[in-house]
Amino acid sequence: MKIFPYPMLTPPPFRWHRDEAIAEPKVHEWIRPLHLDGSSPFENKGIDIAILGAPLSRSSISASAASETPDAFRRAWRSFTPYNLEEDVDLTPLRVADLGDVRQHVTDIAQCHTHIRNAMTALRHHLPQTLPITIGGDHSITAMLIKGWKEAHPTEQVGLLQLDTHYDLRPLEEFGAANGTPVRNLIESGTLKGSNVWNIGLHGYFNSRSLKHYADQVGVNGITLKETRKKGIAATIRHALSHLDKEVDTIYLTLDMDVLDLSNGPGTPAGMPGGLRTDELLEAMLIAGAHPKVKAMDIVCLDPRKDIGSITVFTAVNAMLNFMVGVIKRGEA
Amino acid sequence: MKIFPYPMLTPPPFRWHRDEAIAEPKVHEWIRPLHLDGSSPFENKGIDIAILGAPLSRSSISASAASETPDAFRRAWRSFTPYNLEEDVDLTPLRVADLGDVRQHVTDIAQCHTHIRNAMTALRHHLPQTLPITIGGDHSITAMLIKGWKEAHPTEQVGLLQLDTHYDLRPLEEFGAANGTPVRNLIESGTLKGSNVWNIGLHGYFNSRSLKHYADQVGVNGITLKETRKKGIAATIRHALSHLDKEVDTIYLTLDMDVLDLSNGPGTPAGMPGGLRTDELLEAMLIAGAHPKVKAMDIVCLDPRKDIGSITVFTAVNAMLNFMVGVIKRGEA
Amino acid sequence: MKIFPYPMLTPPPFRWHRDEAIAEPKVHEWIRPLHLDGSSPFENKGIDIAILGAPLSRSSISASAASETPDAFRRAWRSFTPYNLEEDVDLTPLRVADLGDVRQHVTDIAQCHTHIRNAMTALRHHLPQTLPITIGGDHSITAMLIKGWKEAHPTEQVGLLQLDTHYDLRPLEEFGAANGTPVRNLIESGTLKGSNVWNIGLHGYFNSRSLKHYADQVGVNGITLKETRKKGIAATIRHALSHLDKEVDTIYLTLDMDVLDLSNGPGTPAGMPGGLRTDELLEAMLIAGAHPKVKAMDIVCLDPRKDIGSITVFTAVNAMLNFMVGVIKRGEA
Amino acid sequence: MKIFPYPMLTPPPFRWHRDEAIAEPKVHEWIRPLHLDGSSPFENKGIDIAILGAPLSRSSISASAASETPDAFRRAWRSFTPYNLEEDVDLTPLRVADLGDVRQHVTDIAQCHTHIRNAMTALRHHLPQTLPITIGGDHSITAMLIKGWKEAHPTEQVGLLQLDTHYDLRPLEEFGAANGTPVRNLIESGTLKGSNVWNIGLHGYFNSRSLKHYADQVGVNGITLKETRKKGIAATIRHALSHLDKEVDTIYLTLDMDVLDLSNGPGTPAGMPGGLRTDELLEAMLIAGAHPKVKAMDIVCLDPRKDIGSITVFTAVNAMLNFMVGVIKRGEA
Amino acid sequence: MKIFPYPMLTPPPFRWHRDEAIAEPKVHEWIRPLHLDGSSPFENKGIDIAILGAPLSRSSISASAASETPDAFRRAWRSFTPYNLEEDVDLTPLRVADLGDVRQHVTDIAQCHTHIRNAMTALRHHLPQTLPITIGGDHSITAMLIKGWKEAHPTEQVGLLQLDTHYDLRPLEEFGAANGTPVRNLIESGTLKGSNVWNIGLHGYFNSRSLKHYADQVGVNGITLKETRKKGIAATIRHALSHLDKEVDTIYLTLDMDVLDLSNGPGTPAGMPGGLRTDELLEAMLIAGAHPKVKAMDIVCLDPRKDIGSITVFTAVNAMLNFMVGVIKRGEA
Amino acid sequence: MKIFPYPMLTPPPFRWHRDEAIAEPKVHEWIRPLHLDGSSPFENKGIDIAILGAPLSRSSISASAASETPDAFRRAWRSFTPYNLEEDVDLTPLRVADLGDVRQHVTDIAQCHTHIRNAMTALRHHLPQTLPITIGGDHSITAMLIKGWKEAHPTEQVGLLQLDTHYDLRPLEEFGAANGTPVRNLIESGTLKGSNVWNIGLHGYFNSRSLKHYADQVGVNGITLKETRKKGIAATIRHALSHLDKEVDTIYLTLDMDVLDLSNGPGTPAGMPGGLRTDELLEAMLIAGAHPKVKAMDIVCLDPRKDIGSITVFTAVNAMLNFMVGVIKRGEA
């Protein structure tokens, strides 16, 4: 019998060959899959960061192949080194493990969600020192991941730093746990306070007026892109982090790739013109990664089949690596 | 309050403008949406053929945008006239109505399936003289549609004429009501006898050996493409129809677009080389449409986003029209 | 006999279904087609803004499918709400009607142009309180639309605010009323004074030197993108508007989508690198829309077939909506 | 002053470099542009075949970039040798000249048509021994080319061998000289008798019933694809040629690329499933080329921008070369 | 230190996860990579078939990404089961190992070729019972592979069964060991007799006349597609095999994917219209695989970047599997 | 015998037709191919700028069709006028000749490199007043071109201004003269001092840490994009030029198109998110072109087959023209 970490996980579908003789690995050689018996790939040392695939997109309002993103990520790693030249930061001291994917069901979405939630709870119990990065899947997973976190840490206050074009506050009665409802789900279930949600990058004509009213009512801090650019992305992110820092124990970072301008992120189900630029996103990730209370993150709503020239997949990987550069810098501060 | 036919239907999302002055309509002008009060668009005359969208593809094993096919169909109608030159058949005497789409839920697949099933039952009760053509969605809908039919006609024997690359006999315990299981679903639920299933076009390396064994056990008539071509597509279809004619009251025709060779049908989640040619498919549809016991049909597993140059969408519309030419010819025989 | 508004118009080819029960319509449900008898869709109230398709692109110098843009617009509306979150402006108080398309002829371009011109004149006579927005088609239509306006308002001085990579001042003797000549057409016909033309966004290597000389001679105000960026797009647009405000009664705004940088607007026949950014365009539209003398506008030279990931179509719709946000703000000032 | 052949022609926009030292030219080196003074490129020897571009597609009913086909042809020549291995025929003994393109106007379609017509008349007068092959452009050019021929040979009976999905018999009153009307144009103008038109490849749902009635009335010989395949393409073409041989002095061959099945010819404005296969087309061209009365041909309605993987452009070039192999074989018979 | 089989091989860049509990593997789980110490993955049992990547395409005349084909193959395996339904043949009794790729150099093409040649020689020495299937790469590798074979079996007569649009007989002086010269290379080096080369599928305008002369001179058996279709592909392949059977000890099968018609194989650097159909290719592979003297094969000149909808990659995998079905059937004969 | 300039050059494969009567040429008519006898196209006047194709990309680490860029350039010229509106600079006073391409070998990369090197040396000897612009090809050519320059000017100090995402300092022992090694090649061969290399635009995760160490050791001035944006692109380029001005006689400018952000330059083998914007690149080129010591330049690593909407090709041509505008401005300073 196979004893891969937790019953709700499956190993990564493929493993990169890793030539032990190579002095400088590329990202796909540096990030290592868990051993099949569930033990750490780092000679039984701890894992700093765990990457978890959540290949679920049948809960997406519009058709989406975001379920293919975890594998698209794994393939794209090959195009990156774990060394950031601009920051002169080497990521290889971080022990990063690929835990594989949360087991999914073809037709039982509720079961998929339960697995995702339980995976996070189990992760927190088994690997409490490890920062989890989940690769979606659609945005419905974020509600599950934070609920799973909360189950493991019931006394914690959790805050949400969200980069998104949308509020994700649509009514649960109508949609269920879909990609349009995770934040409402978290607020209505009492998992988060609305006032501990900071959503940055909202823009354009992609939220109805009633959602804005609901957001205001429950105290969600929605910072539009227009406001963001007035003070700059760096100051805006720092502002949100400093507020959250005062209110919560754990900040969960969620990056909905559709926050990008359509020319910078064509590979999302709902990307639109007028969004964030790539350089703004990359700077945001560096800053968020450096904050010590940011203890988990996810990247969602990236549809690799809609992508053009792999730009969205590469940008998402770059964003994740920038987050890790931030993590490394925590020690320096 | 709007009283559109049955509570589980929504009107077509858009209606083509129809200039009453035009002598020769195109297909999009000839096929008419139901009035919003649910009455016949044909001056209260009966409806010969009803077209129903079943925009469900979250039950697809691999990611699929087959949910977008009903609208892709409606748009593609504009490129066709209702006159088949090769057969010299004018379709306009047929009264064909577009009933709109079965109402879907974003995260409750079981509810979607119930709606689809109920829609068919309701259709049979309210429009018993009408031949329903359902545009999927993925192949999971076929199990629901036939169950719905059977509920309306509990004493009928129903047979299945399936054009497919796959058996669709995967185990229900593992997948639920997905696009890989409809035929097993129908057999295990006692809706159909295995021996009343004729599946034509099976080929290549896309079914496991155990499925073939199961098919043989339950008596499914799987005619591979190699066998089909030995006697020709026309003779093969006629052979299946004549067997079914002896055994059943109603033959349900289901066309999985992935039966086409990948070069002829690039727009399906699972299309592969070595499949049926377009001319073979079109001929099959003419023959099947002409058989008086073929009382319902569907077209499934067409993903318009994967399509190239609209070839698969246009081919599917052409196939549906050829089926109708067959229907018109029934009277002639 | 059908009496749709003016003989030179045809109704929109399709109408979106509009569920009266929905509290918050999306843009495709909010913008309403005229009734088929030509009466207002707003319970006989007036129309604030009229949208008119001018599906003509056979007058384009290079091959163009800009004729397909009006329908591409109508389909894209479905992806937008009529609420701008960044400006916190709800557009639904505006009564916006879709008048359909100007009737075109397949081979008689002059007749197409006459229809477009007459449509504008008729619009001004029948709906004098209505601001017309015309969706091209290629840029040749602008000359017709302004001539039509001038015919209805012969004593008005009309000015042109143009966003374009090109002067559109090529010689009429050589090209006729093509998409390279509308501004020259307007100047040489005495419809506009050259000094009342402000063209913003000119850049690169896409105008010949002689056109620049001609522009200078006739006093066209050509503001290159380099100059624009020195003072910023907002200040540049305001500068042009304030000059025009002093000189003319009506400012006509024309947006040639090729003004966008090719990465932000791939779907135009002549888009090139080095052009305007999306955020600059969107800001310009907000400002122009807010000026009370801007009484008509058009969007031209968008080829949906060349578009990539729908970015140009979505950007153009966004630009139009931003213009309307400006219109709403007029009241506030 | 330049005296390129006829005032209505412009030289090819580019000329391939031709290394005189190369023993075996490729097609782009073998076909030679006329000298700029209008003299033969073959040391003042005669020209066997003249290739003429007619880059007009603004007369196309739907948007089309068929105007780019002459240049797409010239570029594609580079991928072919002038030696057909299957027939063991070397084309290089044929003297083939590229005359360049008929001069076009941007907005005056009638003038474009007059130029095309006059170009053919002039060609017949100046180069009476030369077989002209015209590369469209849309199908409207065929009416002009045959009228031009007839003007040069007023006493000749001319017949038409047409490969097309469509009759091209739409009413002139409605469309003018568009790509849907050339055959009607020729019949109504008395240029051709309907009974001397053989149209092979008609199929599917792409002609209205009234066109079929008109075709029957005027005696057009419309051979559907279904009928064609009953006797085979070779026999069908031979049958048509032998009928025409008895009735006319000159057979004009026109190839509308949309006769191809969409999978074999994606690059046309109106291609559809259920059409001719590539091998059938290539065989037809060999046979038609070999008939001594086939004295002119054209290839139309190829839109290189819609093409996928250049398949339609390459197939059209291949078809033209097969026609030339037929021409060479005339001598042998 | 790692001792992967031969110094000129590198392990496959990635390995599929293989769940030992799965009863019916898919092709990617059934084909197994060699252990990293070079031992058999089949519990030290022998290997029936070895798959070897030769990712070299810098020796291609036109730019080609055929170097990416071995990995594209490995990824595509996931879409196939090892059970052929039409033949009712289960491939899993065959022990098939993936040996990885021949080590390549970025700028020293001669060294790449030497490695490929040596890999084959070493394979024959170490695994004499194993049938090697090499996945190119461009066609230059075939010359190296056969030379490597000959070095291991210097007394054998080797024959070549080639499926190709081209002779591959271009002069070595001009091109060196490129993808246009392998057959000439083999003949001129005395590795093969020209009369033991059977090239099937030659067609169109893609070989110069002088190559045909050279082919005839050296006795190469070039069977054009026209001749092939006269007797059928099955009979043609059998005819070639029966001739070769009399003359040689070993028949090497090489499949140049450009032999396919462009609509069936868009993903090759030189594919053209008028080529082999998919069903013909698949039938040919079944027959060739069944002949006991066919002891090695390769598949070359597939450029996955040019591919459309993965059709060429999937067809090539299907072709390889059909070959293996033939191999299994050898035992039956 | 033909005496085209130097034996290692071939004429451009095609020449644009150039109508002498046209007053204002477009770029393709203004840039003129050398006469076939090697004499100047400018009535025996000197050539200011020579454009040379170096269609070599088989030395690229990853598969690349950069070999097709010289022809893609020549075709793209047609979309540009030689007049820059923003700078009000007319380029036509510059005499710019297209020398054609350096002769390449299919399988002997070293020979290709030797030809490229010799072509530069010869150019310097025969046309010492001419500024050469070489269109690659991959970046390996830069090492050859500078070595060729140095051979002609052995006593000169040469500096390198490089715009690149990469250091191009990989070890020669491993890769040979590939596109990852040219700068190391130049430094290790003593052609350049490391301290005379200024590389601007380095960013992200695309250089290993050891390359950064090597760069620092040999004194290469690597300015990351982060640093560049702190002072602005103009100041950064001026800073580099002013340093180089003090140290060297000749500054060679090399533009690797992958320095662009992937959304602005999708057509390169290694483009990535987080790179330079188009407007930054265009500004840099204006400034570099204006410096009198910049005496040669190249543009490399543009793969037209990967390009999307021609954006990268058009941007590269625009960059080259901006460089020429700078050249014209030299006189003004």
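Note that the chains are named A, B, C, D, E and F in the order they appear, and that numbering of residues resets to 1 at the start of each chain.
Convention: a contact is a pair of C-beta atoms (placed from the backbone, for glycine too) under 8 Å apart; a residue touches a chain by one contact, two chains touch by 3 or more.
Remember, it's a predicted structure, so these values are computed and weren't measured experimentally.
In terms of C-beta pairs in contact, the better-connected of the chain pairs B-E and A-E is B-E. Residue-number overlap of contact pairs with D-F passes half for only one option from B-C, A-C or A-B: B-C.
We define each chain's centre as the mean of its Cα atoms; on that basis chain B and chain D are separated by 41 Å. Our note on geometry: chain A versus chain D, Cα centroid distance of 58 Å, whole angstroms.
Looking at chain D, residues 263, 306, 308 sit in touch with two or more other chains. Chains that are in contact with each other form these pairs: A-B, A-C, A-E, A-F, B-C, B-D, B-E, C-D, C-F, D-E, D-F, E-F. Note for the complex: chain D touches chain E at residues 23-24, 27, 79-88, 90, 263-264, 278-279, 282, 308-311, 314-315, 318, 321.
On the chain F side of its complex with chain E, the touching residues are 57-59, 61, 63-65, 67-68, 105-110, 140, 174-178, 180, 305-306. Contact residues on chain C toward chain F in their complex (touch as defined above): 202-210, 212, 222, 224-227, 261-263, 266, 272-274, 306, 308.
By the touch criterion stated above, chain F contacts chain D in their complex at residues 2, 10-17, 19-21.
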